[in-house]
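Here's a structure for you.
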Amino acid sequence: MPKTALVISAHAADFVWRCGGAIALHQKRGYEVTVVCLSFGERGESAKLWKQQGMTLEKVKTARRKEAEAAAKALDVHDIQFFDLGDYPLVMDQEAKFRLVDVIRAVQPAFMLSHSSYDPYNTDHMYATQVALECRMVAQAWGHNPGQKVLGAPQLYLFEPHQTEQMGWKPDVFLDISEVWDKKRAAIECMEGQQHLWHYYTNVAENRGNHFQRNSGGQSGGRPAIHAEGFQSVFPRTVDEL
Amino acid sequence: MPKTALVISAHAADFVWRCGGAIALHQKRGYEVTVVCLSFGERGESAKLWKQQGMTLEKVKTARRKEAEAAAKALDVHDIQFFDLGDYPLVMDQEAKFRLVDVIRAVQPAFMLSHSSYDPYNTDHMYATQVALECRMVAQAWGHNPGQKVLGAPQLYLFEPHQTEQMGWKPDVFLDISEVWDKKRAAIECMEGQQHLWHYYTNVAENRGNHFQRNSGGQSGGRPAIHAEGFQSVFPRTVDEL
Amino acid sequence: MPKTALVISAHAADFVWRCGGAIALHQKRGYEVTVVCLSFGERGESAKLWKQQGMTLEKVKTARRKEAEAAAKALDVHDIQFFDLGDYPLVMDQEAKFRLVDVIRAVQPAFMLSHSSYDPYNTDHMYATQVALECRMVAQAWGHNPGQKVLGAPQLYLFEPHQTEQMGWKPDVFLDISEVWDKKRAAIECMEGQQHLWHYYTNVAENRGNHFQRNSGGQSGGRPAIHAEGFQSVFPRTVDEL
Amino acid sequence: MPKTALVISAHAADFVWRCGGAIALHQKRGYEVTVVCLSFGERGESAKLWKQQGMTLEKVKTARRKEAEAAAKALDVHDIQFFDLGDYPLVMDQEAKFRLVDVIRAVQPAFMLSHSSYDPYNTDHMYATQVALECRMVAQAWGHNPGQKVLGAPQLYLFEPHQTEQMGWKPDVFLDISEVWDKKRAAIECMEGQQHLWHYYTNVAENRGNHFQRNSGGQSGGRPAIHAEGFQSVFPRTVDEL
Amino acid sequence: MPKTALVISAHAADFVWRCGGAIALHQKRGYEVTVVCLSFGERGESAKLWKQQGMTLEKVKTARRKEAEAAAKALDVHDIQFFDLGDYPLVMDQEAKFRLVDVIRAVQPAFMLSHSSYDPYNTDHMYATQVALECRMVAQAWGHNPGQKVLGAPQLYLFEPHQTEQMGWKPDVFLDISEVWDKKRAAIECMEGQQHLWHYYTNVAENRGNHFQRNSGGQSGGRPAIHAEGFQSVFPRTVDEL
Amino acid sequence: MPKTALVISAHAADFVWRCGGAIALHQKRGYEVTVVCLSFGERGESAKLWKQQGMTLEKVKTARRKEAEAAAKALDVHDIQFFDLGDYPLVMDQEAKFRLVDVIRAVQPAFMLSHSSYDPYNTDHMYATQVALECRMVAQAWGHNPGQKVLGAPQLYLFEPHQTEQMGWKPDVFLDISEVWDKKRAAIECMEGQQHLWHYYTNVAENRGNHFQRNSGGQSGGRPAIHAEGFQSVFPRTVDEL
């Protein structure tokens, strides 16, 4: 059985900027990575599309879906699911939450990925994380759909938000994504509506590479990484060696 | 070359209660673990001895040293060094700091262990951590004793203080020490002057075992650990897989 | 008129582990302590029952209720009420909240007890605390059911969560429960489905006893307590002497 | 086009105590300030009225509205709107939120003002701030009511809560309101039901004046301010000179 | 034996503004309160004196001492000691610290009072608190001047700084000082060099009285206090009843 | 009289990476900016030089000084002073502190710039900030060198550290440095020993430009900035308009 991972993305493009490298890398390592896009970001993150004449909500959603699918393909995503729950604001009722629980249980992820715990610019982001924790808990409950395989205790990694310091986000792990950077850059370039962010997130990946090296051995010559991604862990790790 | 680790202990007994399991386990895994006791805890942590008639500072230090050496032996410590700098308060001048830098460079630890960053009950503890960070930095400097091998960027783990919540200490890693618990208990029993803590730290180890299991798989049946120790990391990790 | 206290417990067993000693002690001191169990913990905290053949939600709830009633009896609880609102997730609509307000007003507690403010493992817990604060506020409103006696400003104590450091919970008061420990242990033993926690929470009580002594006089011989419980206050105290 | 500002006040009187000076001052500077009262505070903040014989919810709301309108007039408020959503607890459904978005877009404020992020005494307050952030985000979305003018990125200032330290509120800007203090005091005196707070908030304004002076030049003779108000910024500023 | 308390004041006037009420009240309750002024605040808190012609350091110190002694008398202070260690910056060597330890041991205080833990405006203040914690620890050590009576574990209360929110100071206890307000005001008026603060700290006392009432029973009619002081506890309390 | 600013830099190169843009911009705006380098970073931040044969401390200091002077020239620095106090660790005795106080008083800065408050990688950095606060306080004291002009209450901005999230640094102001970027880049290129950081800090400046735009008007088209720098304020601002 291959290992699995699950990404919970508030809007269609979030998984690309924030953990595209982790997705491509773990796919390469043999994981099966599932991405759930709770919304398309159709209202709040598609300004460029809305500036076109004759635009409708359906057209925006279609365009965003196509971009996300192309990016997912570039990253070798195992499965991408669009919940189409609406954005700005994203709202999940019990049914939507249980649908997410179903996915969590079906995937049985070794680890999960979602947004930062706080984001005053984008309340959808922190709401997604809150729901991720709630659904992780429900997925662990023996009394929820008894007979299904319950969830263990996977780590929840919070991926990098925009303007990290404003979100109180502090990475405690850096992942070397140098070997899959080309895939992440290709996925980024699928996001035609947000071209102003291509260069930005390339800079981020390069500077996180610097942080990787700083922490893997410091000034005396740590192992280099050309590109990296940072993550914040919600739960403690359990190990047999420090 | 065997891997190495370095413990910086403000007083003679701290390394036993707080990371005795980590020491014994890593020795078993082939590490060489060095322990530096900055003081004997002769003034502040030897109440039982001082209540005896005719006690002197030298007698207390000798007694504390013997206990610490016996505990170190029980834990298979590779090397234990007593800096004998005095306690309550512990004060380190430049010379003492550079002596610690020398040890850090000689050991070239894969990781370091010291106290929590805050401790209003015991300012020696937080002072030791502050000095550990300062000396780690000096050991990385190419211009300090040029020609010596400079330090890389080892993790600094903060071991468990007494009354964790008052110290703002939050463990992010639990280490399974079940297989060396007997050694840790034996080391604990060397601390004759602090017998009231034997049971206390046995409880801690058992309850940290419970936390290990909670986080290694949760209610659905995580891997059990009978005894564990918790640590807080100061620096982020660098990994090739989440 | 006897003094009163009110415990708001997300699931049927929480009040036992987390404040069973406080309940029994205050009953002994002449208080009337009411416990509200918002749910039975039937879905999320009854793994052992669900592993039995032919189990149903109703059977689990019945079993959990019986356990909770037995524990309440062991603790001399004045009144225990089961709101049966469902768990994992616990959700309270306006009606359920106003029902809780009714209880708060009827009891007129000198102090209230509930969960920690944060709990990423169990979102029901932090939700219960959030609702406790909201309902405390409504109970203070002169315009809510005008004519009823409004609530004063009772302290809200947050009782000890599992894995305190992960919840950001910091106790600022330790209560000596030595004289009622037998009752608490008896109540704990009513929780047949969670036998793995009996020893754990006995350890907790013993180690909190150590903390009590540390803070009641320290190394020079503070007043001992064999067993204690810790609590975090939400609101400041008002006193006539420090 | 005059500059504009928007105040989001959970209850009818909050804008008076907490930012009455800012309102009057900016009106004097040529701004048009709109105040939205989400509720009248009719249930929770009208104790004095409810103690009168024969009081009804409608009578309280009418009285509170009259007070708020009089205060608004004293402060030269450009526009005051009463959403009448109910209080203790304040609850806003999607429709109410979108109504607030409509106001935000119509006003196009240069800055917004609302409550502290945390308030365990009054959950309506922190709920209002949470909704303010959510609605600010929706107002920025090109796909929300396409064709309308979207919102830029106005600062959200959190005005001073009662018992600041308990709310974790920390002012990072002090506004000199000396020249409009008479207006603020007049507005305060419109709040007949809360006479016990007149003196309290006069003290606050005087002491914030002291803080203004402390930070505008310190002990060596900073510019004095007789009365001031403090605010906490949610977002960073963008400047051309420090 | 009367109960005792100990105030550690960085500069000569701090004890008046920040805990003058607590001093007078506890004296009235039968405590013997000792005040240690580590410096006279002669360089940094005597601007008015320095603006006079022909002023010298000795003259300033003499004037400040007289003011402090007069204030101490107004508050019925049992004993006031001037360490005359210099200010701006305050620096304490080992000898000065041990002198403070001697006082702590001689007094054997039931509780201690000092400054906030953080103060970016006045580093002497936070330094005094750091030293207070260090000396409290040394005073507890059986090996420090063996034979002397060691210290127990008294609470350390942090009294109210100027601009509380900037210092991260959060009061968890309010003390009703109404019955000794006249004494505190008289002591305040001894501070001729800082007349601009008389009104300020009267406002503070009144508003803390409001907070007292809010927390002693809230809107429904808590016990009033005309004047109060707030304190933050460093250590948890130990109790027999919540 | 021109306005002035003061930069306190722990090591010779810090002012370039962290606030080179602010320096050049304010010089252009007519300010006179003074830079104090407390050390040359000769031991800890000159790895490349130390790897050369026959290197000595004096040679390193000379080389670092030349680089810093060249960078200062590129930025149009008004005055650069080298205190030559040594690094790794940086230690300042009373004499060195008072020398810094002299500079502060001579410059009478409208604002000051220094390091982040916390830096576990580089304790020199946080030490410099601690000393900056202490010396700012001393410079305000009328009794320190009576007769000199005392300092007002200038803002202390903390400039951007490496790995911002690990330092707990949160910018609250972004400065548009686009018009002086060429000067900053030229200054950066003077740092021959740290070429690996040229690209890194160019990325930083570009991404801070993105943050500037995000906060100056958001997605709906805020004012662009090609390059920016971020700063964290220690003290609140005082304003006449929000």
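General observations
Going in written order, the chains are labelled A, B, C, D, E and F, and every chain counts its residues from 1.
Convention: contacts are C-beta pairs under 8 Å (C-beta built on N, C-alpha and C of every residue); 3 or more make two chains touch, one makes a residue touch a chain.
This one's a predicted model, so the numbers in the text were calculated from it and none came from an experiment.
The minimum number of touch steps separating chain A from chain E is 2.
Between the contact lists of chain B and chain D, the overlap consists of A, C, E, F. The rotation relating chain B to chain E, fitted on Cα atoms, comes to 120°, given as a multiple of 5. Summarising the inter-chain layout, the chain whose CA centre lies farthest from the centre of chain B is D. Of all chains, the one whose mean C-alpha position sits at the greatest distance from that of chain F is C.
Chain D and chain E have Cα centroids separated by 36 Å. Annotation for chain F: residues touching 2 or more other chains are 47, 121, 140, 142, 166, 171, 211, 214, 219-220, 230, 235-236.
Taken as a graph of touching chains, this assembly fits none of the simple shapes: it is neither a line, a ring, a star nor a complete graph. The full set of touching chain pairs reads A-B, A-C, A-D, A-F, B-C, B-E, B-F, C-D, C-E, D-E, D-F, E-F.
Note for the complex: chain B touches chain E at residues 42-44, 46-47, 50-51, 55, 57, 60, 87-89, 91, 120-124, 166. Those residues of chain D that touch chain E in the complex are listed here as 47, 121, 162-166, 168-171, 196, 199-200, 203-204, 206-207, 210-211, 214, 219-220, 230. In the complex of the two chains, the chain A residues touching chain B come out as 5, 22, 25-26, 29, 111, 140, 142, 150-153, 155, 157, 171-176, 211-212, 214-223, 225, 228, 230-231, 233, 235-242. Of all residues in chain E, those touching chain B in their complex are 94, 97, 130, 133-134, 137-138, 140-144, 146, 156, 234-236.
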